[in-house]
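In this document, chain identifiers A, B, C and D correspond to the written order of the chains, with residue numbering beginning at 1 in each.
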Amino acid sequence: MSNIKPIADLSYRNYDGPLKKPGSRWWVIAKNGIRIALKKKALWGLMFVSAWYYLVMLVVLFFVQQITSSNPAGAQAMKAFMERLVWPDQFLHGFSYAQLPMLIIALMLGAGSIANDNRANAMLVYLSKPCDKREYLFGKWIGIALPILVIMVVPTIIFYAYGALTFREYGFLKDAWLLPKMLVIIPIAAIFHASIVVGISSMFNQARNASATYAGIYFITNFFTLLMGGIWASSRGETPFPVKHLFYASIDGVLIGACKAIIGTKGSAPFGIQSQGGMSQVPAPAVVPILGVALLISVVFVLIAWRKIRAVEVIG
Amino acid sequence: MIQIENASRWFGQVIGVNDVTHTIEPGVTALLGMNGAGKSTLLRLITGQIQPTTGSIKVFGNEPFANPEVYKRMGYCPEIDQFYEHKTGRQFVNYLARLAGMSAAEAKTRTDEVLHEVGMADRADKKLAGYSKGMRQRIKLAQAILHDPDIILLDEPLNGLDPVGRREFMSYLHTLAERGKTILVSSHILFEVEQMTKSIMLLHRGRLLAAGDVSLIREYIDKYPHRVRIETPQPREVAAKLIQLPYVLKVEFDEWRGGIELQTRELNQFFAFLPTLTTEENFTITGFSSPDNNLESIFHYLIE
Amino acid sequence: MSIAPFVFTSTLQDMLRPKRFAIWVIVAIAMVVLGQVFLRFTPTSTATTAYSTLSELIVFRILALAAAIFATGVVSQEVEQKTIVYLLTRPVPRPVLILARTLAASVTVSIVGILAAVGTALGTRASFGDVFLRDCSALILGAFAYCALFVLVSLLINKSMVINLIFAFGYEAAVPKMPGDIYKVSINSYLMSIASHPKIVPVASDSAPVATPGAVNTIQPGAAWLAMIGLVVLCSMFNAQWFDRNEYVPREDGD
Amino acid sequence: MAHENSSGVLSYARLVTVARISNLTVRYGNFTALDDLSCEIPEGCTGLLGPNGAGKTTLLKTILGFVNPTSGEGTVMDKDIRTDGMAIRQLIGLMPEQDCHIPGMTAVGFVSYAGELSGMPPAEALRRAHEVLEYCGLGEARYRNVETYSTGMKQRIKLAQALVHGPKLLLLDEPTNGLDPRGREEMLDLVRSVSHGRGVNVIVSSHLLPDIERVCDRVIVVIKGKLRTAGTIKDLKKLAGQPADVELREPNVAFANMLMEKGLTVTPPKGNIYRVQSELPPEELLRVVQRTALESGAQVRGFETAVRTLEEVFLEALTA
């Protein structure tokens, strides 16, 4: 009405627009983490790799069904195959075989999350804004946990849908709680990976060193699990008590143990292959202790990150 | 001491230094230029960390690249701010002293000496990780003068030093120059360069734009119009008088601070004339100055 | 070259500084525990076979891992933290610099490997006899071979750590088990020949696709020695030459 | 200070004191970083001077609300530094001394992200990011990855991220560090334009005293955790008796001698600059000087009221 001038003043002006209240900044950070992650093309490839067991099973099941249905003589073979197949175990395998790709995904998403900020002094940018340590850490954490969660959940649900629609007469729905159970264990896995990777990342200022450390821990503990599994299998399951527990003392082991415990199976050979007592059949641990261990490890690593991020040391 | 002949260096398609020819003699020489003008590249060429793509660089008549003979007599204070952070300042300097070929005992006394010279003797036993920028600069300087080199190359040595540190540093530089050292200092802070030396090398976009004594360069660029500021309560009257002079090119009124600013091609004749205004024509003039009369404006003239 | 001993000892001191080395001591202690566990739960195995299994499965892996880590300390870590400037502008001939530093890394890795082997021997109550001594010589030779090779990789490639780790964990673990004569192109096979462990209880496994029975190692220990020494010499000569001729300047932005 | 708020109505902020710190002591272990420091920072542009390790950084941290003071108190824009850190940081923009950026982002992405971190809605943040980058002179380079930036551009982007949320107080730590002469000039002009008449108060900490002189109206000098000097630069630079500096084309002994014969005090020259003291008003003194120059065959190239440099002020405060 009044002060419209023919030529606008384009020199510096203040910002007086809307501002959100503190408490919502974590989502900004998480969103940014996810956005950067989605730019990495390798992530999309890894998503497929992580679902490889489900994909192979889908193909196997599809062809088995096609061949046998067009050839009545094969129906007998189909029945035998289906009887051998333990449905919950397929989810266990899908989950287990996704762990190595999940490690790599976690490293891709998370190894640099805090380490790169340390290197580039980005903490200065975050903490000099009205955004505190809690929101920073939580945002970084969610930014890793959420993509991992989605990447693991989607193939699981697709496989479940296929099974539930096609193989009901072969006992697919015998455990009505199977899907909910999977939806409990997958978030735990996501939390576990995200927490460890955030904790390790906070200790370094180079993503590469953080990756090497987590990968080192992963592989060394996995050798240990392999060794324990070997001992267990070669003694035909008769070794003393601790071995079958120590078998789960690795990054993979904790999660696989937790998965076995929750869906209530001791496992079987993959692809419905006949097997007598291989390493894949080490009995499941008890639910509460194994979940306790998983959560404890997560909390410890988050606490490490909490201690490493220091606002006071930000300047100077 | 340092002979640079048609030296060029490029990285991929990016040119760092383009066809530079110059000989650097003992005394302090300042290396000037904008960011990205090629100063650090030139220093790296002279310190033999990189090789010229074409042309040659000779230090004491030797090619510097990976040449221990050259390093025996050369000290270098790099621009980077990285150290072995877990070492203390003293350990760091001592380590480099040993690498310079000193015996353990020799290295120890020499380390103490240089730490004292750069004013770090009392703080040298803290870990480098906890050092402030100014302390880091001092340590970097200490390692550059450690083996009493004949050539000292300093890349932005004043960065992060406080005013006291800058003063100390500059006076130290003068004592080194008096001892016959060849010193090449790169810096952005022109008013400090002015206090350090008269001899400059000005790089612009990789080319050597000017080299030699500042006053010579200033004379050379005398053909450019000079600015003169005059403080007076009668700006229009004074301007009316001055605009009649054939060598005055332009007069401007400074609305903000008062007074006038003019440009003249003949500084000498102009200042020879100026007294007549006050002594014979009775104008009131309270002050005058030539804002161009410093390195900063030479720098601007040359690169613009 | 009177400066070489100092470069060697100072680098060694740096690599063995307590904070950095503690982790490897912990690894060795873990091997003691692991040896105990293994012995307790495989009643069929003797001290020697238990030791051999663990040595082959874990100690030599640790050796490769340590080499990948310490070899980056020779040059590429210095380039990355930009401190290489201080080394390159000293009156130390570059071949001396790199060879002395590689030597220090090799010695460090040997110490790490032998420490892990000692831990394993203590844990499995194996004697420090023939098998152990052969192992030590294989570990030392392996340390030198891995370090020389990894330094070479780090001279040629910017971010060499990942490649070295993949080599150490993927290639070196998989290739010795491949059929035909392919196993001969892995360092591990030669080290195993030098170590000549007694026949080992096969570890059954159905979840690790790489754990196939493996080819029979027909490399003679003498030939293995020659091959490894040849590798070290060739790599070192190459490293010294390459490092002397090429630029190792940290990239800086802005200039 | 007048500025328009969002409704377009002129409002007058009654902010006279930006920060008030009283008897503040900050200790880290045995080390006392700030020792019973009291100061008031009025609106406008204030320079913060002090040698390395004098407590400047700690003072900035205190103003940001990061430090838990051992004793004493302080307010920044009427908010308590001990309890209201978040609210304070909403009103402050910090341009740190070190390089800082968030890896893997373009300049626009980075600045709008910084805006979102300060609570701006995404759309507003992006719009404002473009605007601020324009002020900071990052033209088309704003779509490039920050990691590829030169030193000068990195300084600009640091300022842009500090300005994005429209802070009322801007903390600049060594803003011209590593800039070449042109870059320095542009940065100082920018700081000056933001701090004068735009409702943004600025605190600049720098070792380059000419820079402080160019942009700041006032300085405070902190030494060993205590406030040593405070005041406007103009006052601090004044010399008793208002002498004049006379610059000759080349040094001339006769000139000085003749001036002294005429009863003026002349201090020994620095180069070709003579400091002349007299009771005369400047225009009269100039006449005397020029006559003397003509008589002695000297050429006067400059004539100005002499002042102390800020460096002299600072060094004096240091030794006092």
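Criterion: a residue touches a chain if its C-beta (ideal position, glycine included) is under 8 Å from a C-beta of that chain, and two chains touch if they have at least 3 such contacts.
Quick caveat, the model's predicted, so the values are computed rather than measured.
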item: Third chains touching both chain B and chain A; value: C, D
item: Centroid-based (C-alpha) most distant chain relative to chain B; value: A
item: Chain A and chain C: spacing of chain centres that average the CA atoms, whole Å; value: 32
item: Centroid spacing, where centroids are CA-atom means, of chain B and chain C in whole angstrom; value: 49
item: Euclidean distance of C-alpha centroids - chain A vs chain D, Å; value: 51
item: Where chain C and chain D are represented by their mean Cα positions, the distance between them in whole Å; value: 56
item: Chain D, residues touching no fewer than two other chains; value: 97, 150-152
item: In chain B, residues with contacts to at least two other chains; value: 35-36, 132
item: Chain C: positions in contact with at least two other chains; value: 254-255
item: Contacting residues of chain D [partner chain B, same complex]; value: 50-53, 97, 150-152, 174, 177-184, 207-210, 244, 247, 249, 282-283, 286-287, 290-291, 293-294, 299-305, 311, 314-315, 318
item: For the chain C and chain B complex, residues of the former touching the latter; value: 2-3, 6-7, 10, 14, 17, 19, 81-83, 85-94, 244-245, 247-250, 252, 254-255
item: List of chain A residues in touch with chain C within their complex; value: 96, 206, 208, 211-212, 215-216, 219-220, 223-224, 226-235, 239-240, 242-243, 246, 269, 275, 278-280
item: Complex interface listing, chain B residues touching chain C; value: 16, 35-36, 38-41, 44, 47-51, 66, 68-69, 71-72, 74, 76, 78-80, 82-84, 86, 95-96, 98-101, 143
item: Complex contact set, residues of chain C against chain A; value: 34, 37-38, 40-44, 54, 57-58, 61, 65, 69, 80, 159, 161-162, 165, 169, 201, 203-208, 211
